[in-house]
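Look for chain A in each of the two complexes below; its partner is chain B in the first and chain C in the second.
Up next, the complex of A and B:
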């Protein structure tokens, strides 16, 4: 890890041979996969798929006699992206660190009822309600993170269990919609830039940039990748494994709470079932994997996740325009998930961000079960 | 860096195995039973027994044989589903498509059979074929396309569920003849002690016996080896892809059988079987089977299902509001897994008294295994 840290600099991706001895540059070039020029980075691939999906959607929408790139439609797609996008960013963090979060739908539902109940339709209550809601989400994430990191409960089980606990609380204490969103918050849901870009989408972008910066340029972010790659190795390399796991879970829950506030700004009332209706747990995981992040952790990026979310949003949009039966939508969605992931899951392993591979010579691994232990061989 | 860990973990376990027999085959039968009882796979039987005593003390009539046998009959579908899920989990994968398979089979039964008695047998054959096909798709998607099983089965879940809801319009349709429903709710009359011996109980016992035989056969041993370390299993000559594919087929076939039984109880509705996958996973995990594969017993999974149902019965008799059920379920699975993680890692280590030094690495603790296909990696 020391070597990695020493050579980790923001410009690791761009060629900067002047400062290095010729020898190491040659070795590094030799170590790169030969097919690099022909093979695309998985993030580039996902955006190519996105472009293809958008093009197809534009044609299909045009056949229906409507314009995919009309102001209203772009607004609708971007709005649809924002909620799932925020949740998927959090999910990316959790998956990168080698865990899972199945509790997001219940956290979202809980956050909407708590926030709406706190606001009671008054602007003056906004700050307190927002802080309360996000703090509650943070506590839920903290509990989950502690369960995963200290008690060594599998993330799948810890989050499933916490989700069940929250859903029991919701089912017992809230029947039907609850509270009301403050007018200012509802205004936020309708505001945007020039009628094209909703504020919700800007919030999503800001969060995406912040999390990307966190992952690329902070120690915590690097530890997240290290732990997700191999927890035992990270631990033996001197990384304290508890903190990044807890931080990822806390951030995931807080982002889910933020997504809930965006939902609340649109619906106006808190609903104890809104999260599970949206099936945000499975869809966010699907979006993360669609975006090229390895489900086992350690490899992937937020940028790819946003691409995955965008694909879902565009698909939903075009199916809505074409008035596809809502039940058939699920069928298409399921098909797309499997096919899309199959396309690049076959490309053995999603490539790492450059700082882990590019700036140091990669020694050939002697064992036949080398870097590709990721997939079993028949 | 991921390649080193499997090697070291297998090395440490072979070192501890050299010169000594496996802990579970040492000593007399009584000793072995006692030692098995303190593993998570054995503890679930004790848990079930305690819950049974608790239920009987809350409601003495529950302990009478006729009541009891009916309870077992009611629990049979979830126990069968849990045993199906066990094969997949112990091979290191997930099957989320179970609920959708059950819904599909139920709808097929309702619409294909109708009032025609002659169609009962062809329908059962058709359902089994479809079940096997779904399992085949799941298995091949996971092994040959190398898509994480979480994503493949999520895809089949969405696709099948969407298709079924689309075809039925989301409402209850069709009703199979009573002879077919008898499989689920009928039984052999005038049996001495228990009055009625329900068919589900007979089917459950038959599947249990077959399952135990299967897990003792070379196939069963290979499944566990594959789940523990797919690379090692492949190097030892196992056809990993075919073993895992068969595990998925067994899971879908179990879901099919559960669906056939559920038609008798619940009738025909596309929402039958909703949430069964998580229920089954919960039962399997409660049975001490480790997510990530390689550890756990088949009958413990069934016992986990019984423990879960007994717990719900107990809560019913205590007149706890049914809305709190998820909360209790959540707390229980977190506690069970936290305890099980400890116990398995203790059981796997060589005893302190034995001369070879304890493994230096944090021994193959089950909790560090991650979901997805990367099962052997720790």
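Up next, the complex of A and C:
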């Protein structure tokens, strides 16, 4: 504890907060004469914060006499990222389209018990179990998507309701751990590249890249942003508004199912409570928001979300190393979320174009030309 | 007046009809809002559509835009029979519409907005979205409109209202539109931006696009249009070449009665009293060094270009923005307001320019809206206000089925009257008006002007911001002109539009020298 206090002062915030305002001021100044809109965007900001958090954590871990960048620790951080990361990618999609998914923890729990129950510890059962699990998740997502898009139930309520249904089903049918993961799956949980990068993390990256491509280079992706930004505008522009909403919910639930398989590869048994213990609903939403995605939808990126997940993973890791009491952990997490959102809110205020003065050089007609012709006309 | 000399060209192409609509009829809930209207648009003409709110202009536009399906009537676009049940069908057929409320996604780029719903794809139907083509085509569209400063990759949020409107027009053009309808396109534009819009319209008509131009500003109608169609109560009143109509005649046709004086005369019995509101050297991040006073019973108009800090000045007085320098006094005693609530407590009323976003709770009833301010700031006076409200509203000629009607279903003029009633209920000492007649019809405008005169009779001080110069000149006792956040000067009542404009744009010194 002493160590903490001594070290937080010089390292925790000082380099970053000092550098950040300078950066933004300089950019604002540079931006003004050219009327350029580019400022440090929120994705760059979140990765700057991530670097600062990593640096701080490295120092704090060092004070504890351990190496943050040791093989084992990097492995641990990346592993921790992968499960929440997959769920948060799905959550990003759902939030971008203007909905919300609170059912993820229950879907995760359900997926672990279904997959583990299907595998029964045998490699030969893997394909069927995986397909069954992901298909079940897809159906759950489909139901939520239809509730949201066709019956116009808000995602918050639809997913809350479906989550409760799943949780009720789990509670009545499963007590304690259930089934067993197949050895090959457990092997996957331990495998990786050069002992530094776990396979789970590679799966996360692949999914992140795929979803990013989906968002950037498909009509579906463009329409996800459009619907989340303004559903009326999207509809007026001829966008079919149901499909992207359904697709986002299905993908979110399937990604939660995938995350559950990764969990299963580590735990070895299905558990009906593992999802709620992980609090994946609120943590994934927090990671998405921390990553710069608007909670109302229409703006954000998977890249940002991964940054948000990484910040949480690093914070958790360093607090674990320092053996911080779990309640203080929550305190820190909560503080990070609230601060991040406050910063974004502040930035979005500043980002509005300046309202008076020499602020409109974008228009080609020089302001003197307008009135002069006006004078002639009269 | 740039586009008016295009009459020669339009006679050449007179044979080509871009759109012919016949017998357009529409009723809502058994209430006929448009009755058998015929409209013929020639290629390359600007066709003005005028009438009071509720005359059926919007209904007609929305039917041509595919938002409403007509009960009966036929639409022929470019010689082909067409029927639309969705805006996109109308756009594909060649009829695009720029609505008053923009259909833009603020967090997306210009290109993404223009091509929304029909993003170009590589390799046929299954390929990825061709973002490079989107960008190229967008830049091409924009330069085709003669717009230099906008780039395809800019976020729409970073654009001014005028620029967003250009994006809307570019989107309309991108459908290869034969007809572009514009609903109050200048409602939120400053004068120099209106010039740009004129030049864009000129380019479009040169290409043979027919423009349907809806505006309450008659000056623009006469500046731009070759033909004017007048609607009243869902009926076709007249379609005439613009040259054959005078402004007075047009107003007579629109309202069905001659409005002898557009602005009510200053009543003789109003005595300008002591200084009510005084600002000395007020400054903050938006305005600077503002010194002015408004006396009881006086209307002071503030003119200036969009973005010159007019709205921010009113907001500063009202407590929306803190005062960093200088001071404000009300009836001689210092006024310290740091929030709108304190502004209301000091009995300042603020009629906002954006009534839909900041003036009204659209999905609440007329009565709830009208009582909104009193209820939250002077709860003890709510009961009395509730009893008086029906009288106040009917005194303002609010046309509504009942006081329980949601304000979103009212016309703009009636909504504005509800806003006024909302503020009258606090018995204001000072009324700050920001664009008090924006987007409302001639009749409602007249009522607002009369109300302003009534207020002065009661000794209320009125500080009014308006982009409509005739309004500022016709209503104000004194005219203050703002430029770049400061006061550029003061002009007496009845000054010419040119004088106001020259001062607002900084051309004043040259004008005086010459």
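Simple rule for what comes next: the second predicted complex is superposed on the first by the 309 of 378 C-alpha atoms of A that agree within 3 Å, B and C clash if a C-alpha of one lies under 4 Å from a C-alpha of the other, contacts with A are read in each partner's own complex, and residues count from 1 in each chain.
Rule of thumb we're sticking to: a residue touches a chain if its C-beta (ideal position, glycine included) is under 8 Å from a C-beta of that chain, and two chains touch if they have at least 3 such contacts.
Worth saying up front: this structure is predicted, and the values here are computed from it rather than measured.
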Contacts of A:200 with chain B and chain C, given as first, second, both or neither: neither
First (chain B), second (chain C), both or neither touched by A:216: second
Partner chain in contact with A:50 - chain B first, chain C second, else both or neither: neither
Contacts of A:310 with chain B and chain C, given as first, second, both or neither: neither
Partner chain in contact with A:252 - chain B first, chain C second, else both or neither: neither
Partner chain(s) touched by A:289 [first = chain B, second = chain C, both, neither]: first
Residue contacts with chain A in the superposition, chain B compared against chain C: B
First, second, both or neither for A:299, with chain B first and chain C second: second
Chain B versus chain C as contact partner of A:327, first or second or both or neither: first
Common ground on chain A, meaning residues reached by chain C in one complex and by chain B in the other: 229-230, 232-233, 236, 294, 365, 367, 369-371, 373-375, 377-378
Complex contacts: residues of chain C adjacent to chain A: 1-2, 86-88, 91, 103-108, 112, 116-119, 121, 128-129, 131, 146-150, 154-155, 157-160, 162-163, 191-196, 199, 223, 286-287, 305, 307-309, 311-312, 484-485, 497-498, 501-502, 504-505, 507
Of all residues in chain B, those that touch chain A in their complex: 1-7, 96, 141, 143-148, 150-152, 154-163, 165-166, 169-170, 226, 230-231, 234-235, 239-242, 244, 278, 281-282, 285, 291-292, 321, 323-331, 333-334, 337-338, 341, 361-362, 365, 367-374, 376-378
Of all residues in chain A, those that touch chain C in their complex: 35, 37, 213, 216-219, 221-223, 225-226, 229-230, 232-234, 236-239, 294, 298-299, 351-353, 355-365, 367-375, 377-378
Residues on chain A engaged by chain B in the complex (per definition of touch): 98, 100, 147, 151-158, 160-165, 167-169, 171-172, 229-233, 235-236, 282, 285-286, 289, 294-297, 325, 327-335, 337-338, 341-342, 345-346, 348, 365, 367, 369-371, 373-378
